[in-house]
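Two complexes, one shared chain (chain A), two partners (chain B, chain C).
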Partner chain A sequence: MQSLGIDVLFKGKNFARLLEGLWVAARVSLISSAVSILLGIFMGILMAGKNRIIQGIFRVYLETVRIMPQMVLLFIVYFGTTRVFGWNLSAEYAAVIVFSFWGTAEMGDLVRGALISIPKIQYDSARALGMDEKSVFQYVILPQTVRRLIPLSINLITRIIKTTSLIMMIGMVEVLKVAQQIIEANRRTSPNAAFGVFAVVFLMYFIVCWPIGRAAAYLEKRWAE
Partner chain B sequence: MDDALLKIEHLRKAYGEHTVIRDLSLSVRKGEVIVIIGPSGCGKSTLLRCVNALESIQGGQILLDGEPVLKNTKDISLVRQKIGMVFQSYDLFPHKTVMENITLAPVKVQKRSKTEVQEEAAALLEKIGLLDRRNDYPRQLSGGQKQRVAIVRALCMHPEIMLLDEITAALDPEMVREVLDVVLSLARSGSTMLIVTHEMSFAKAIADRVVFMENGLIVEESYEPEEFFAQPSTERAKQFLQTFVYEPGEITD
Partner chain C sequence: MKRITIKRVSAAILSFGLIIVLLAGCGSGSGDPSAPAYRTVDEIKKSGVINIGVFSDKSPFGYVDEYGDYQGYDVYFAYRIGKDLGVDINFVSTEAANRIEYLQTGKVDIILANFTVTPERAEEVDFALPYMNVALGIVSPSDAVIESLDQIGPDDEVIVISGTTAETYLEKNYPEIKLQKYDTYAAAKTAFENRNGVAWANDNTEVIAFAIENEGYVVGIPSLGSQDTIAPAVTKGNESLLYWLNDEIKALGEENFFHKDYEETLLDTYGKDYEDTLVVEGGVVK
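After this line comes the complex of A and B, so read on.
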């Protein structure tokens, strides 16, 4: 049997470099997810409200983000702004901006959906028990919204993690880029490295995303109504 | 009638151009059970929602113990604590157990001690035969059980008056009975109630007074339910009651 090419990972600091690359991807995902969740909650509450103009603006924003491939957004923010506005954004800033811009739109839509899916009668029956508006929200609406939201937003986070593999297109050395570099550097001595190294990268993504996905499934089951 | 607990005077309720209740007056004495019947869309459910200030009103006033019941006023949640309401369905909180559903408002709103409320809730649950379900979630209960829990939840706030808004309308026929039995025992124990229902034989059995509404108005009112159901004095009430009797008509083809 041919070698799987995993051996290259044990040469020099290759494995440590791969982990560093994974950390870059994780860092961008973490910061973007945190920003997206915070801003998305605000956006979702506004979208579930009654103001037609705000709803219209967010609708356009959401559709724009959905239609545009993330890579195009990355190119616009990283290369485009440098030329047009003279901004000198680092690749990491650009990446965080793009993923937060995308994540906020998606999260906003999730929050909006969760909020409007709570039946009106829940508000009425809480008020009928003498609760003021703050208590209605705190004890009745918010807990139900969060229960609906957590599985959905965890799914969004795993999507963000996976999509960060695109940031190597704007020159960031994340896990996939490191993998490519290792393969290139060892082309002659380990021609099979492409298989082994990418398989390890796949495993790394799996190890990061799988527990998150399991947690979502668990919560979904536990909170099923 | 000055001993009225609840007084509705010249109530008018409209959604934009569409008037749902026009100039309706009704006063309810302590311990009285009033059943409101009428065709759908006559404004009977809206009337109950107005009494609990879940709807804004466009004219007249509603007084409970002489205090106005008005939506969007600062003390409205205080007034609502004196009014218990049970809806058609889906009013239990799905994320809380039966016990938590019942104790939430008495503990958080009325600031009563948790153990005291739990004891009271347990006693009431025992009475309706659901004590062993106290740690279940609403999704684990049947429709009839949910409605009985909703009644207990309202009772635990010690309301002065109960509003029941078609509480059996969404239930399977075999579950209607268990809910109505609970309501009847409440009536016997002296609760003041305003009941909207389509269960005519139940209305006849429980009512101290029957109110027949149509087009946002009280068309007929009777302190003799037996008599009303046997011989309503208005033509409209007669026609309405007739719809509950199924007589095969002639089908022409």
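After this line comes the complex of A and C, so read on.
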């Protein structure tokens, strides 16, 4: 124990601070994921449609988000809006905006991909059975799309959770930052604390991401039946 | 096929354009004179809270203890500023890379995050009087102490970490000294302990701490090269707060405040011997 430096986590309120940091990261990523999934579904449906102008606009949006590092987006939204418009967004709002902006674009593209991956014959067969367009979408296309989407969106959510470590750059103290603080504060007394503390942080990320993965696997299985 | 390519290219161009516009917007916004980004001393007092940007993971200058409270040499000074202004302190955890941004957008009133004064930075922010010295230092084994650079023979090698001030300073001013470069602190430390080089050059705070933590090493040269200072910084143009800080630092000099600060926060790391090397009292560099 001593050599791994896990003991520093039991000094004072260190463990509670780490959990608090985890809650900050989880809060930002879960709110952002919820917003992203909701808006992303709309965006994906529009993108899969036939309107060239809408497709073009979303294409630009998606490419912008893709080539822009999340760190740059965070700086633009947190510091940039203050400089240009004088808005004083809280760091948490800024973080949620950035991760939703990013997540929506990625989710939209996933939904678009899932929608167009449904073979044309599915539409044709459904129509041949006499279903109207609404029913075709609701009973044939959507369930297949959602099933294809689950593993992809889980991947996106876990990526959002992991990327929240960047919010320390706009002054938010999340789990990884707390870990660094604990390691540094004990640099002299337990120089090896980094190993133990980061191992615990790894476990914490795992504990957050794992149930999401399990829930997705369960849904996937259930809806496959 | 061709159509797809054209579409992709145009999308890329459009996105690129959008980014340029966004970035240009950020750049030009900083010069907006209509709304000053900073708060004057009166405005701070009226609001009852001062925002101070400090490091939260740079022990012993700015860190958070196991009870979640900010501590360290910079933080000790911050508490005093809050007390003398009669306001509460909201500590903001800053990183080396965003300190200037925080001041320019007025998201903090003062940066007290071990901010080294440089001419480039002084164009972006206003520095108050200094409260600490930094220079380079050279540590060597106690059985072969190097007290002057002349002692370094033509075949001897000095260990440095790539990208540090020590590397640039020695290369520029002493090109005849052979350097052994390492990418990380840990690698340089191991190499030095294995005696791959006769000495190790780094920021003096780093080498002093190393010599105190590790038996058998002496800092032969505690202060080398250009003396840099560490000072509080405020948003460019915030004269009200700048003058207040300067007066405060001068006044604190009379009660030897920063020596007391050193003894409370840095003594364990650097020992008594370096107090006068590191501390700047009353804003006057000796």
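Just so it is clear, the second predicted complex is superposed on the first by the 207 of 225 C-alpha atoms of A that agree within 3 Å, B and C clash if a C-alpha of one lies under 4 Å from a C-alpha of the other, contacts with A are read in each partner's own complex, and residues count from 1 in each chain.
Throughout what follows, contacts are C-beta pairs under 8 Å (C-beta built on N, C-alpha and C of every residue); 3 or more make two chains touch, one makes a residue touch a chain.
Note that the structure is a prediction, hence the values are computed from the model and not measured.
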Checklist entry - Of the two partner chains, chain B (first) and chain C (second), which one does A:13 touch, if any: first, second, both, or neither? => result second
Item to check | Contacts of A:147 with chain B and chain C, given as first, second, both or neither | outcome: first
Next on the checklist: Per the contact definition in the header, classify A:189: touching chain B only (first), chain C only (second), both, or neither.
Outcome noted: neither
Checklist entry - Counting only touches as set out at the top, which of chain B and chain C does A:169 meet: first, second, both, neither? => result second
Checklist entry - Looking at the overlay, what does A:75 touch: chain B (first), chain C (second), both, or neither? => result second
Next on the checklist: I'd like to know which partner A:90 touches here: chain B for first, chain C for second, both or neither.
Outcome noted: neither
Item to check | Of chain C and chain B, partner touching more chain A residues | outcome: C
Item to check | First, second, both or neither for A:117, with chain B first and chain C second | outcome: neither
Checklist entry - With the two structures laid over each other on chain A, which partner does A:131 touch: chain B (first), chain C (second), both, or neither? => result first
Item to check | chain B-facing residues of chain A, complex | outcome: 119, 121-122, 124-132, 135, 139-140, 143-144, 147, 223-225
Checklist entry - Considering the complex alone, what residue numbers of chain B touch chain A? => result 49, 52, 54, 77-78, 80-81, 83-85, 87, 89-95, 104-105, 108-110, 139, 150, 153-154, 157
Item to check | Complex interface listing, chain C residues touching chain A | outcome: 7, 11-12, 14-15, 18-19, 22-23, 25-26, 29-30, 32, 35, 37, 53, 56-59, 63-68, 71, 92-95, 97-98, 101-102, 104-107, 213, 268-269
Checklist outcome for this item: Per the touch rule, the chain A residues reaching chain C in their complex are 8, 11-14, 17, 56, 59-60, 63-64, 67-68, 75-76, 79-80, 82-86, 88, 168-171, 173, 177-178, 180-185, 187-188
